[in-house]
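One structure is given here, and the rest of the page talks about it.
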Amino acid sequence: MLDVQSEQDHRNLPLDRVGIKKMKYPIALRGKEKGTQHTIAEVTMSVDLPLHFRGTHMSRFVEVLHSHAHNMELKNLKTILSDMKQKLSASRAHLDLEFPYTIEKMAPVTGILSYMVIPCQFNATLDETDRFELVYGAKVPIQTVCPCSKAISSRGAHNQRANVTILLISKKIIWIEDIVKIAEQGASSPVFPLLKREDEKFVTENGYDHAKFVEDVARDIGVVLRESESVSWYSVEVSSMESIHDHDAFAYLEGGQRT
Amino acid sequence: MLDVQSEQDHRNLPLDRVGIKKMKYPIALRGKEKGTQHTIAEVTMSVDLPLHFRGTHMSRFVEVLHSHAHNMELKNLKTILSDMKQKLSASRAHLDLEFPYTIEKMAPVTGILSYMVIPCQFNATLDETDRFELVYGAKVPIQTVCPCSKAISSRGAHNQRANVTILLISKKIIWIEDIVKIAEQGASSPVFPLLKREDEKFVTENGYDHAKFVEDVARDIGVVLRESESVSWYSVEVSSMESIHDHDAFAYLEGGQRT
Amino acid sequence: MLDVQSEQDHRNLPLDRVGIKKMKYPIALRGKEKGTQHTIAEVTMSVDLPLHFRGTHMSRFVEVLHSHAHNMELKNLKTILSDMKQKLSASRAHLDLEFPYTIEKMAPVTGILSYMVIPCQFNATLDETDRFELVYGAKVPIQTVCPCSKAISSRGAHNQRANVTILLISKKIIWIEDIVKIAEQGASSPVFPLLKREDEKFVTENGYDHAKFVEDVARDIGVVLRESESVSWYSVEVSSMESIHDHDAFAYLEGGQRT
Amino acid sequence: MLDVQSEQDHRNLPLDRVGIKKMKYPIALRGKEKGTQHTIAEVTMSVDLPLHFRGTHMSRFVEVLHSHAHNMELKNLKTILSDMKQKLSASRAHLDLEFPYTIEKMAPVTGILSYMVIPCQFNATLDETDRFELVYGAKVPIQTVCPCSKAISSRGAHNQRANVTILLISKKIIWIEDIVKIAEQGASSPVFPLLKREDEKFVTENGYDHAKFVEDVARDIGVVLRESESVSWYSVEVSSMESIHDHDAFAYLEGGQRT
């Protein structure tokens, strides 16, 4: 059977990336506490395509994904990228996963348990010299209470749900559970799926007592990451769904070395 | 050239709706104040298909849309549906439009002007007896301040952006600008694209002074619509992006007669 | 502590639905073949609110959800709704779940295995007379090949990915795996995550040999559901991402009795 | 009134970007042919925040936007960024716009006219040395016909809608209308909102005669951009909604110099 993809190409133009996108696939990975977690990821996989080949063999991405989906640990990603490079005769390989990950939350006063689902991402690359780069992180919902609104108003203060997106390159693996904690410690307050009245009182007052701009939250988290010995590079974006506007306010910083 | 669509069908199964979806198209319609407004709609158009025809002629929907896009007034919709019935030899026709519509907003203290963009929808049907039904409305961003949080907390009160979706069947046309006003009057506070410090103080305090559950907002708007002589049928959904949770709270009611 | 929600309401306006939306929660349910499947659902839960109560107690929805999340079988839904009615002192309860569900697919010639993820939904209601209604179904990706394009063109035929959304009320439970099969048997061709060259040849030719309009696919599936003794009510929507347009074509039918 | 934003900050951490996001705003800009076009953009605006300031003044972004919204020409963007730098006492400013833009399309055989709506983006930056960088482009829907499927199958060939995203840095302004043409000339076939039967036959056969992988489309467009004297830097992504899979295939390349 003809192999059109393997035809010679004469346009003299290599492709930076060819691959598959918007691929939903079940994956399993280990959590910090409760053993293996099963979830469904949106997967992007790609390799470079040298200038003399016309096309890549798209089905091989799915074969590699299928053979590793049961073990999507951070520490297994380099092996997957090596497989991609080999099976697709490529010099660089990229793997991006976005997936929801479940953590347990305990209400701050009553201690009632519930689950919160955190959007996470892994972005891994293996280059032509077999250098491996892994950026990973999570988007953590929090509450921000506006210090300006609090200072100028004789009562109340506008507040809102916000999202903190932390991305890291790290020397040793930092659990998603711990990234969530770093984000929540920088917030006016964490948010919770389940709050009884006593909890709601606590969250309201605690948030009000820790009024913070998105700028403050980004910096307080930035300070923690700057001082962490495990973290080589980091970015923090805080985006708040302003309750007095129909748009969001955001702050972004990055620091460290991408190498 | 063959007309496969016009072949006889023997499955003895009429289709309730056949047509086109996710069609982006530029439209123009008149606003309450500033003359014609140009925007881009997502359009769904469909007709019924009698049991003896194999297929409809999809291109004719686009021809009808193109010929009327410059005039998407509510009062022109019946003509468009009549055209659809005739050009597609159908007994029922449906036209659904979703589009962003711009209104001017004035900051409550400083009076500074800015624009706010409101998602709107028109859902129109012309049936086999040429009875015309038009449901239309808008999704209006507002602020809700939680009365429970205010009552039980010694300071502050959680608040958040919410959306009020009002849908109407009316005896005479109610302008989108007026639907927005009805939604905002039921809110803890309206939201604004542009607020200076004096405005932000006013919005914070005013919202705090009018703490309302989503249930309260839905009912206060429901009362206004129930008492309006122009309104035959209405639905109100209020959905708030709770600032202490990562999920939304909502309340829904409907009233009046659909015919 | 004050219970503002339980205050008397004087607006004389009952609410049709109050509850929570856009709640992501981990759930487990049994599959046809491989035992329990873990996935993450987007959950909507609501009850009615009688006219004399000011608000509902939103946290109780999450408590009910948490206590049942490990067992989201279809046959457990009535119990969950009963719990909601009781814990929230309501006369009607509604539970809506949307979740991705994984099925195994075998390539048609080589037999290679891979996973495909199917968006599913359960919509369950328990009314004031404890009548239980369950609508459930799936959105199944397929291929459609246009019979008109095939008939009028001297070579080729435009084709595209389409989605078949089947919703059912049934006398006995129909597995998601079987709903997928019904959708695929009505298609020009099923789609697959993983196809080797021999498989791709088969899918291309098979699809071309079974050229069908969205109208044809909807009817062929409608005929199967009309004749099934297990199905009381059904709806079928086929929506195709036309490869010659930037919009979709769709066909919709429903049949049977909702009781 | 207190100006909390202007407080001294002691965390010694500058912010790369602070500003507003997900702001919908009506804009006007000139088209190649038909004069001014009105549309609604999603706007992101940000500046850097030096380490000694606690917060930025978010309302000023909206003031700048409001004063320029009626003239969002590419050649006006540098002025807007200068205003942002000045009004916000910042050294760098960023403006990102995403908006739908309407072009006229003529059916290839019958010549019938209709409108197609193209998602566009402008990403402009003015840095601390007043160096201006503008990346702009469009996402153009096209058709791809698979050359492998065509070669190995005895009849038919799978095809699908794809999107070509072209981004440019250019020495002189290239109209959106011309970017669309470049994308379409690299495709198996352009797509059209409105095709009569004669047109559909032409598009089907023409696409079949120009079977191309996403890799081919990216390269053919890359060759054109590489050879254009107006273009300094370019990227091309082609992403096709494979009709035989439920995921997309993509190819990406970039070339030229970013300064």
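Letters A, B, C and D mark the chains as written, and numbering starts fresh at 1 in each.
Quick note on the criterion: a residue touches a chain if its C-beta (ideal position, glycine included) is under 8 Å from a C-beta of that chain, and two chains touch if they have at least 3 such contacts.
Note that the structure is predicted; figures quoted are calculated from it, not measured.
J.: Hey, what chains does subunit A share as contacts with subunit D?
T.: B, C
J.: Give the label of the chain whose average Cα location is farthest from that of subunit A.
T.: For subunit A, the chain whose C-alpha mean is farthest off is B.
J.: Based only on mean CA positions, could you tell me how far subunit A sits from subunit C in angstrom?
T.: 28
J.: Counting in whole Å, what is the centre-to-centre distance of subunit A and subunit B, each centre being its mean C-alpha position?
T.: 34
J.: Can you list the subunit A residues in contact with two or more other chains?
T.: 1, 23-24, 117, 148, 152, 193, 195, 197, 201, 246-247
J.: Line, ring, star, complete or other: which one describes how these chains touch?
T.: Looks like everything touches everything, fully connected.
J.: Quick one: which bits of subunit A touch subunit D in the complex? Just the residue numbers, please.
T.: Checking each residue of subunit A against subunit D gives 1-2, 4-5, 9, 11, 13-24, 46, 49, 54-56, 58, 147-148, 151-152, 213-216, 218-220, 222-223, 226, 239, 246-255.
J.: Applying the document's contact rule, which stretches of subunit D touch subunit B when the two form their complex?
T.: 1, 3, 23-26, 37-40, 59, 62-63, 66, 69, 100, 102, 112-115, 117, 193-198, 201
J.: For subunit D, which residues count as touching subunit C in their complex?
T.: 116-117, 141, 143, 145, 148-150, 152-161, 189, 191-193, 195, 197, 200-201, 203-205, 207-209, 241-247
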